[in-house]
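In what follows, chain A forms one complex with chain B and a second complex with chain C.
Right, the complex of A and B next:
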């Protein structure tokens, strides 16, 4: 006991790093290399860039035909779509990697070494967040080229919004890991993640449509009930699921409210940490075996 | 035959009579609302307890407790009041509560709303208490004076026309008679005033309140409880209405301070600046009409508070910095069969169709409104840009670049693995 107490802090940190940190770092490197040398992430960025190109062409047509277009940020809609697409991809990719490694028995093998459920998931989480950062840089490159090609303005707030989208994206990756930790098989895991993403977005769209329908305050009618239900459910999913954070973060940043956008990013980061801890507990509970 | 026609007439008239809509009127308590809005005081009705009343913080509004005949009008889906059938003032004080605690008790006060430039233009002014009585008396006096002056003028004009006729007749007879001088028409009377009514003056800080009327018998007047929302703006800026010369009847608004204006090269635009405030869409919609089914609780809208046409506009572009002033413009239809018009500065004596700052787009321009001291007005900065309106092929090529990069990386990895390993698909 006395010997342990006399061990210098630096030595303790070094030994902890040797035992747990190094394998985690090695897993991060391996995962990052593995995912970045596949075609899928580049295809997702290409789809996001194609969506942006379509939206911008539409804007240019309006200028051509009407002679005038007033717009806060021509990249806002496509930025929202792009970040959402990347977040859904990230959640699905993270879930698929864990579910597949678990199905193949790789997680069980790792557990015989100095790898805990948390460090394993932390490695997956870190590699996917790093992957997101690289993909965002690629998307940004596409945006810059599109801005040069169209002459439409890429605002500083758009760049900041992209940088701050790291928080919601991390939350999405953590959710993917949680789903994979709770569901063993690959296909149900992917379906669950896509279902959550599409459900959140669908609910958001339904809410947007319903709130636009006129409904008097003093009559109880089906539109009002549906609207109330959509608002009530989406106000919960907005906080429970990470895809709502994308909307909030981008809306506040594009409005120029940096403090609120940073706040949303921080909350999304906290969400990611909590969900990651839940995922580790879930993985430990459901077992690492196939 | 005649009998058949009569029967047919009765048959045709019968269903028409049965379909006649006579709304059922119910005697009940209502609040007549005169809410301050930037377009003037907006009169509306709160007939049901479920109606939430919205007013602007920092501005004075009036709630009048009345008893009237209320009916539902299904065509517009609104409750309406038959004021001519019954319009009785309800005695008592207005209790204002917040979170169950009494905030204040408001007595009834006399009020009058006046429009110095006429009912449809310019600002409206609310006067309360003795000032209201005094202003109303002054209005009646001024109106009577104007009426008398107008009567005198009409009489003088009648005499003048008679004298003219006599002078013309005398001239025909060869007699020279001095021509009379034309009477001067009195200046147009623009002031408009409502009658003096009584109501509760609402000028509360931001927040949600409950209001109710307590009668002289110390009892709450049945049906008088309402939710009162006092709201304010989120942001302030300078908003622009932009009138493109090519379609002057369809202006665009550039209210968002960060918005960019894209236009074709050489396009002529006319900018109309206004001080603007951003309000919650639902709150402002219900401020104007508490029974409106429109408005979004999560939406925002800009409302113009006053014109800033007197301030100069600074333009900074490739040709340097210049300052332009607002001018009046007139739209003249081109003659001939072809459709078309041109926007010109009106010759002296001719009316104008709109006013604005004329800007011809030449590359990127930075616009800023300047105040009287020559400083930029905060929130008035806008950028006008000319986008590239050429071919669309770069927009199709650019998305392929990340895909090309991905394919190159995958190929590189396969080469590294010597073709033995299969890259893991994610």
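Right, the complex of A and C next:
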């Protein structure tokens, strides 16, 4: 019932909040509580920070050995690796949570109440994006500590790149949810997400290697063919898979192209929404029963 | 006329050609306790899940409070409390946190007081701060019931609600359900235990192989399932052709001798031990002992063969 003096719109908003918003918020709170009291997210940040330390140490050694190292941003490689690692973790974690909860019957239990497939997935998505924000802040903290310890400067663009990486990270979480909605079982779900992540990275590496390879002067040039194939496939996966958005966003930012980086983040956000809707349809189709 | 709280219309569910529920027509009246009875695999859980919109019917419709379920399932489900057959309990949280989460999910006003009252009522107050993974199956079942009652539902859908409970727990839950029903809550209990349904339900629907074979009140069902009592007689010595002679008596339905043992099924409604004693004596037999056995309603139900159920269907 609406309050006295409430407009019909306000009543509708209140009703929508009661029916969908409140359950979603409750699920987000429980998920965040469960995730942040677990060890895995901190372990991932610790690995990313350790890798950064290793890269910086390596750079400093080279400076000591050669006397000079020309590098535009000492944190660039670490940032790339760290954000990619967090995104892959986020996709795998989101996929694992949904697959596990479906297998255990938690999704069915929630469906006894006012929880739809979409609000369930929206809650998982939101909690994972919030989790990513917390993890990025922790990673940033480790960068600041390393910057102070090494005397290397942490550039503003690095901070901005980290902030904008939320779009690609959201896309990664949405993809994890889609995979879990379609596959159902925990182990195949995790393998599929990791396969997609490694496939994207592997394809990107193959493309870079092939582009740099000299082409032999044959009538039918196999390197040229492979190069075309790698470029064609990676051009598609760059848009179809979220890890491509991570790559594009960070590359734009490290080039100093803020407008493009913002654009990539926005497109990644749209991608996340579309994939989330697909995941909800997939979950409704494959069924929420264990 | 009041609309039934739950009504199904030719509800059917098939899985790859296998019929789980067929043309089910069930009506649960407001304030009623409806027992949904049947052996495992009869289609009870499938029906319940269709009522919640978790499984999509192959055909037919479900009406809750007179409106098709698909009209606004989320709003309707706020009025329902459910205990599933194998409820998942988040085992890393305490009973208190578990219920607080669901209170939050349903928007329960004054959750602390409500949770405390329910835990107290179900005897879980002392363990409220323990993680659910340390709970016994019975405690988990009670926690599920507390969760289902948190938002003060108008309709309770319970799938085997006393499974895993000890006798004290069963009595506690039964009392609670009767109390809730007195306060106006409509209850739909699915169970394979006739004894449980018999003590709580006003009306019973019997499912068999996906079909509702009978829907009646408990007294009517009791009359239907009543079986003739059996007399087990021990003789001093075997008497030739005693069974044939006993079958001539109008009260004897069946008679079978096995050496010194005689089993006679007699017509229900009166004590026929005197008649049988006289007949045995007339045939030259001496009775050493006699034991009368009146089947309970549960035994009668359990001994019903598939063929008998099929006869009801036809």
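We adopt the following convention: the second predicted complex is superposed on the first by the 278 of 290 C-alpha atoms of A that agree within 3 Å, B and C clash if a C-alpha of one lies under 4 Å from a C-alpha of the other, contacts with A are read in each partner's own complex, and residues count from 1 in each chain.
Here is the rule we go by: a residue touches a chain if its C-beta (ideal position, glycine included) is under 8 Å from a C-beta of that chain, and two chains touch if they have at least 3 such contacts.
What you are looking at is a predicted structure, and each value in this text was computed from that prediction instead of being measured.
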Touching partner for A:26 - first (chain B), second (chain C), both, neither: second
Which superposed partner A:154 touches (first chain B, second chain C, both, neither): neither
Which partner reaches more residues of chain A (counting touched residues only), chain B or chain C: B
Touching partner for A:117 - first (chain B), second (chain C), both, neither: neither
Touched partner set for A:268, first chain B, second chain C, both or neither: neither
Partner chain(s) touched by A:129 [first = chain B, second = chain C, both, neither]: neither
Partner chain(s) touched by A:34 [first = chain B, second = chain C, both, neither]: both
First, second, both or neither for A:250, with chain B first and chain C second: neither
Doubly contacted chain A residues - partners chain C and chain B: 34
Parts of chain C lying in touch with chain A, wherever the complex brings them together: 49, 52-55, 73-75, 77-78, 80, 82, 84, 86-88, 90, 92-93, 101-102, 104-107, 148
Chain C partner contacts - residues on chain A that touch it in the complex: 18-20, 22-23, 25-27, 29-30, 34, 101, 104-106, 108-116, 287-289
Contacting residues of chain A [partner chain B, same complex]: 34-43, 45-47, 49-50, 52-54, 56-57, 59-60, 63-64, 66-74, 93, 96-97, 138-139, 141-142, 145-146, 149-153, 155, 157, 211-212, 214-219, 256
Interface residues, chain B side, partner chain A - complex: 48, 50-52, 77, 242, 244, 246-247, 252-254, 256-264, 267, 269, 286, 290-291, 293-294, 296-298, 383, 385-389, 392, 394-396, 398-403, 405-407, 409-410, 412-413, 423-426
